[in-house]
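Lettered A, B and C in written order, each chain numbered from 1.
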Amino acid sequence: MQSPKFNALLSKYSTLVIFIIPALTIFTMFVVLPIIEAAYYSFYRWDGYGDPNKYVGLKNYKYLFKNKTFILSLKNNFYIIAISLFLQLPFALLVALMISDKIRGANFFRTVFFLPYILAEIVTGLIWAYIYDGNYGMVAAIWNFFGAEPPHMIAEKETAMIALYIVIFWKYFGIHMMIYIAGLQNISKEVLEAARVDGAGPVTTAWRIKIPIILPTIRLSVFLSILGALQLFDIIMPLTGGGPSNQTHSMVTYLYYFGVMRMKFGFGSAIGVVIFLICFTIALTYQRTLMRKD
Amino acid sequence: MKNLFKFIIGSVSLFFFSSVQADTIKWLHLTGESSPEYPNFVRAVEEFEAKTGHKVEMMYLENESFKAKLPTMLQSDDRPDIFNSWGGGVMYAQAEAGFLRDISDVITDEYLSTLSAAAANAFVYKGQRVGVPRNVSQVTWWYNKDLVNQAGVDVNGIKMWDDLLSAVKQIKSAGITPICIGGKDKWPVHFIWTHLHIRNGGESLFLESLENGGWDRPEYIKSGEQMLELVALEPFQDGWLSHTWPDQAGFFGDGKCAMAFMGNWMYPAQKSNSASGEGLGDDNMGIFSMPMTPGALGDSADTLGGINGWLVSKTAPDSAVEFLMHLVSADIQNEDAAKGAYLPVVKGADKSITNPLLAQVANNIGNSQYHQIFYDQFLGPDIGRVVNDVSTDLAAGIISAEEAAQLVQESWEFNQ
Amino acid sequence: MFSNFRSYYMYLFLFLLAGIIFIPLYVSIAGGFKTIGDLRTNSLGLPTEWIVSNYTSLLVDNKFWLFTWNSVLYAAGTTFLVILLASMTAFVFAHMKFIGSRFLFNYFILGLTFPFATAILPLFLRVRDLGLLGSVWAVILPQIAFGLAFAIILFRGFFRQMPSELFDAAFVDGCTYSQFYFRFTLPLSTPIIATVAVINLVGSWNNYLLPLIMINSESLYSWPLGIMVFRGEYITDWPKILAFVSLTLIPAVVFFLALQRFIVAGLTGGAVKE
């Protein structure tokens, strides 16, 4: 005879096991193990067949950090982060401050500004690839209209990165704006009313009251922006494919072109490990310091 | 589920039709429907299906997608039975990885004797025959007669690299774009640099470098410097780094530039990619070989080009090889050669070439003692792509001649 | 007066910005109706002659619908399974005390900082060695795995806020854990299910890298793969490409406008609630 208590426990633990095992298995097999394997493969030269057997030590990493294209892709990633943080986010905040209040047309503007974010990256890249096209594109048409020789924005190494920044700005400022609006709308009416009674104008209110209150939200959007920038891939592929002559690679497109397409499992894994370490370090320090208070 | 289904169907059909098993042969090719050889693709399939009862499933991928997709495709169950190849190191790597099938047991000596031996042997790796050749090609300068005349250039006088440079200058000063190039795809650019290698270093230095390294030797740095001389003249069309090979062919076919450095597949491609679909008239086009360079170790008759063919993947049925023997046959190759689709590999089919330009190319290859296969294919998937990258960087003026040579050498060392 | 003046400039700015957002979308849709020559000389205006064949030829193309259907399959499969598996796991974390629960939860959280591109090659090998390459599972399983961490966090937070009286009462009535999960937890969780669904639907629908590497047969292409192959074939025939682009644009915009509340709440709220 089993006691009811034992039955209850049995039921609890069987539920626990049944509920957790599928997620745990899939997560371990497709997320955790591949990362560990990447670290292991990165010390080998391997075409992916049989067991990795050609141990090369740190050769993959050495080659990587000597490789100009990789260094450039690393720099590009950090430029994108810098532009996002110092131009895109302040701009998004400015727009959010304008339309977080119940002004006329606020909903319309929110919808429009958020729209690019829901478009697929591939589609965004293709649309802009057309716009920038030096022969058929919109930019070229505008230049031609003024009788000027049209620029080939994504074909010149001087302008290709700028072209990419513009697309990133266009696509992503809306999500940050929306996050800020969500934060701004949570500010209690009393606080704002008190500020108004004290005679604070809109600029002072924004600067002294609104922004300090939504600081945790801003920190979060900074974090999302950094991690997003480090994983940039889909937009670059249709837009420049990393060109002209490898000037606009991000670390992930570099990984795709130099690791995946060439089926270099060891070298490609080393690239993956570097990206992972950068993301992990940033996430960790960020959570340990800035986001701890939140 | 799908596999189970396949298995059941497979077992059932095996049970009932074990004597006449019908295969489905998956054939991956790069030939668009507007290409001149496409009708004969269809014809070969129809004839083969009618004759044998097997089915041939044609799959088309555009050139760049093909190169991107093939490595993963070969590892999956979706792998094609027959697919396009440019031979050389990329093919060796595929063979080493065990993707290819040795077809010696199916292919007949009688059939092999109909093919040019040099072409057929390009698809033998370590004693295993892994494919069948289809065509040969040569990379030359193509020019638009009207535009060149308009600029007052006499192409017959272009014997040395400097002659080419002055011709480019002259064309440019006449307000005409001298050279169209597909910089985005990179490989069209590497033809120029590597053909200079062939001139400057010749066969002996190539083989030496392949064996012992030395891709940064002075002869190869010299190629880079020569290329930079050309680049300094800004010879390419505006936005060339964002243009692909089909763009390049289209521009040339539309008469937007005076010259292009390309293989003889330019002939059909400049038609199919031009705005009108007609391209330049036969009498408005000409070719000349890469000029010689001062102090060159190579011979002026040496050629850069390809021996293209069809590879057979490891799980392909025997019928796939039988289909290839039907596809690369005298009947079809004679007809395609007459249409100017490509240069055939079946013995004697070159006599069917009516187009004087292609006849000239066939003649060049016949006279060549050293026909170097495209570097990007011959040097394997990794070094080959580095060569493409650095050639484009050179043309974009991002790196120096020394750096370019150095990068190839580094990649070679890394792959040892 | 000053305020009016300022708001005048503010609206000018906002409308200008809205224009900048709209123009690329407008030129794409209009461009799909143009001839190539028209597109070159008249890229901002309406088509001088409306060419509908670029659109109609796609709409009668079986491949176009096949790619769309495949994407639906990937998105639906991923979303359904993420919701099921993540909510079950989160349920355990929210309502059951057991040794190692904290450790396990942190183990899942770790997944948040793993961009899946970093392990793409080992992931490819895993999928290949399981014999799944070129099947729908090659896309769905990794997508689930990488969607779990965030979904578990969202579900756990939500489940914890459910009134505990409900739970106690159900237990007195002899309800087991699994019965409680199916009878009470899931039906009461529609808001958070909507959030998780939106995140995963949009993510899967737009995913490019994973299908690019895992899918080889055209019969399983997702639409982003299809559109890139199309682009490869038509290179400079921009009207054709823009027509394809617009055809994917329109449903996305309609879907967004119709379910705007859910989508914005899902995508921003999901982020904020973390």
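Just a few scattered comments:
Definition applied: contacts are C-beta pairs under 8 Å (C-beta built on N, C-alpha and C of every residue); 3 or more make two chains touch, one makes a residue touch a chain.
Bear in mind the structure is a predicted one, so any value in this text is a computation, not a measurement.
Note on interfaces A-B and A-C: more C-beta pairs are in contact across A-C. Comparing the centres of all chains, each the average of its CA atoms, the largest separation from chain C belongs to B. With centres taken as mean Cα positions, chain B sits 39 Å from chain A. Averaged C-alpha coordinates give centres for chain A and chain C that are 15 Å from one another. Under the contact definition stated at the top, the residues of chain B that touch 2 or more other chains are 72, 75.
Of all residues in chain C, those that touch two or more other chains are 36, 124, 213, 228, 236. Residue positions of chain A touching 2 or more other chains, listed in rising order: 48, 133, 135, 260.
Residues of chain C touching chain A in their complex: 7, 10-11, 13-14, 17-18, 20-25, 27-28, 31, 36, 39-44, 85-86, 88-89, 91-92, 96, 98, 104, 107-108, 110-126, 141-142, 144-146, 148-149, 152, 176-178, 181, 202, 205-206, 208-209, 213, 224, 227-228, 231, 236, 238, 241-242, 245, 248-249, 252-253, 256-257, 260, 263-264, 267-269, 271-272, 274. Per the touch definition, chain A reaches chain B in the complex via residues 47-49, 59, 63, 66, 69, 133-135, 149-150, 152, 154-157, 240-241, 243-247, 260-264. For chain C in complex with chain B, the residues that touch the partner chain are 36, 124, 128, 131, 133-135, 213-214, 216-218, 228-229, 232-233, 235-236. Touching chain A in their complex are the following residues of chain B: 67-68, 71-72, 75, 93, 96-98, 183-184, 186, 238-243, 381-382, 385, 389, 392-393, 395-396, 398, 410, 414. Those residues of chain B that touch chain C in the complex are listed here as 2, 32, 59, 61-62, 64-65, 69, 72-73, 75-79, 244, 246-247, 250, 275.
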